[in-house]
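Shown next, in structure tokens, is the structure this report addresses.
Letters A, B and C name the chains as they come in the text, with residue numbers starting at 1 for each one.
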Amino acid sequence: MERLVASFFNLDILQQAWPILLEGFWMTVKLTLVVVPLGVAGGLAVALASTVRSRLVRWTVVVYVDFFRAFPPLVLLMFIAFGLPFLKIDLGAFGAVALAFLLNTSSYYGEIFRAGIESVPRGQYEAARSTGLSALQTMGWVVVPQATRNVIPDLISNTLEVVKLTSLASVVALPELLFAARQAQSLTYNATPIIAAGIIYLVCLWPLVRLLSRFEHRQIALH
Amino acid sequence: MFERLADTFFNWQIMGQYFPKIVEGFFLTIELALAVVVAGIATGLLLAIVRAFRIGVVNFLIVAAVDVLRALPPLVIIIMFYFALPTVGVRMSAFVATWLALALVLAAFAEEIFWAGILAVPRGQWEAARSTGLSFLQTLRFVVLPQAVRITIPPLTNRTIAITKGTALGAVVAVGEILYQAQSAYSFSYNPSPLTLGAIAYLVLFLPVVYLGRWVETRFAWKR
Amino acid sequence: MSHDQAAILEVRGLHKSFGSLEVLKGVDLVVRPRELVFVIGPSGSGKSTLLRCCNRLEEPNAGSIRIEGVDILAPRVDINAVRQRIGMVFQSFNLYPHLNALGNVTLALRKVAGKPREQAEAAAMQALARVGLAEKAKSYPNELSGGQQQRVAIARAIALEPVVMLFDEPTSALDPELVGSVLAVMRELRESGMTMVVVSHEMRFARSAADRVIFMDHGRILEEGPPAQLFNAPDHPRIREFIASIEH
């Protein structure tokens, strides 16, 4: 028991590691604030593109979505982080992470928005068009607002996954929370920083998890 | 320009050299993925069944464990298992650490999905079955679960696919799966062609799985 | 082709197919100002398709459609501008669930007619008052009864000051006790001089309010005439049977 406390919940170590962890935490927050809006916007664009009449565009979208859904995000991230510099494109670690996540998460958000758009009854579209709204206006003012509302649980669920995904950035040496924790661990020879990082993730994300499981129960009960 | 691109990302010589390694990784990835899926779904189902007994303390513990596993990034769990647990004397191989972490995460999601499925079966089904003399377990086994499982298939499939792709995380703790092989070949040769090969291996493995997921989703459409 | 200058809506030789299924097989229809034309006919005879072609929710395969003499099938016509002038009311209301009654009515006023917010809201309130729902302006569709929802849908259309209103079975989805309130609004519209085309099976309403009744069958107009004639002494036995089947 004592050993457990000394190895995992060592307050002295925590005090040493705290500044590093805090910096890592802010990097994770920053990453989330960049990656989530980018992914949502990208996903919306993908979903809208899949509603256009041109078959070429729709097929491109399907290929894009399936391609990036089949790629494990870490593979994509490494490919971009290690491969692009060979083309003399240097995005830096943050840029590489942002690009990899944009490609990955926009295909997931895209699928969610697409399902949402499909869930809006055709009559809504027809009613809007019958009052003279253009196709784009109908999307923007009538279909997308309802679509979004219909898929809020899925959007939150995906966002939770995206936040957790930011931990992959540690692999390409972006100093976010997990990277900071591992760095602190190797400096202190103690696992406390890693446990602390876990607790930080838990405290921040647990409310989302609770909210989601309430949504899920309600959704499936309505089915 | 095009030649350089080909030379950098599709260098046949380097690809040929490391091809056997990637194939090795390919099979290890499959092994790991299958082990995760079997253990994760079985555990999730078991937990959901236990939860159906509605024993206060037990259910509280299940919910707490599930919540923790859903809130923590899988990579954090793997690193805890592989780098933190040894400091208190619990040692496991990188493969086991990755397998255990992913299986537990899948079990947590699967439990939630199965449980939601069980709740979705109308109360009248329980009452009708019990009124014909079926026991609690018989009702669960023959009446409730068959109905619950059907509606859980699409969300469970999608979740399983997503978590299975997490096998790539094993690369971080040096499990010799595809990504690890590709990455180490890349650092030996200082050429990204092995990464391309790895990416192709993942496409070969997961594109069919993604299509399976799509098919399942339309076949068992459950939402609304 | 010569056309009727006085007509509000003029449909000539309208054909529409879905794949190999020919749904409209040459329909001619002229609706004059302040006229209420009633369209009846068996299910699947093409009534909805006819209305939906009139504002190009469906694209006709052949024929012409003129609104106040302007060919709306012409390639360069601004269909969104045309649609403002053609009000449409659907069987299933199709109110926007994410907007309240006022929002439902103001959306097109602001985005299509380009009115500033206060003006749009004033016009919307006037339309809502006309259907007797001014006090429900802040209610969301799910807080309204079916009859109230359909009246909001009518307000949404009339707020744009259309020259003709198309009704596709506006009372079919309503509980019987709610039908009257919607018909009352339609009657008021008619009395104020609105030109209307109504697909419906409300025979009593047709008898008292329609100028003309059209019977459609298999994508054609089988017979048309004043309600008294078509209901009491139709030329076709087919129509007599149909009317007997829906009049209890």
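Some notes on this structure:
Rule of thumb we're sticking to: a residue touches a chain if its C-beta (ideal position, glycine included) is under 8 Å from a C-beta of that chain, and two chains touch if they have at least 3 such contacts.
As the structure is a prediction and not an experimental result, all values here were calculated from the model.
Look at the CA centroids: the one farthest from the centroid of subunit B belongs to C. Centrality annotation: A (chain centre taken as mean Cα position, compared with the mean over all protein Cα atoms). Centre to centre, using the average C-alpha position, subunit B and subunit C are separated by 54 Å.
Subunit A and subunit C, compared by their mean Cα positions, are separated by 47 Å. One finds 18 Å separating the Cα centroids of subunit A and subunit B. By the touch rule above, subunit B contacts subunit A in their complex via residues 5, 8-9, 67-68, 70-77, 79-80, 83-84, 87-89, 112-113, 116-117, 119-120, 151, 162, 165-169, 171-172, 178-179, 182-183, 186, 191-192, 195-196, 198-199, 202-203, 206-207, 209-211, 222-224. Across the interface of their complex, subunit A is touched by residues 52, 55, 57, 80-84, 86-88, 90, 92, 94-98, 107-108, 111-113, 153, 156-157, 160 of subunit C. Of all residues in subunit A, only 121, 123-124, 126-134, 137, 141-142, 145-146, 149 touch subunit C in the complex they form.
Within the complex formed with subunit B, the residues of subunit A that make contact are 3-4, 7-8, 66-67, 69-76, 78-79, 82-83, 86-87, 115, 119, 160-161, 164-168, 170-171, 178, 182, 185, 190-191, 194-195, 197-198, 201-202, 205-206, 208-210, 212-213, 216-217, 219-223.
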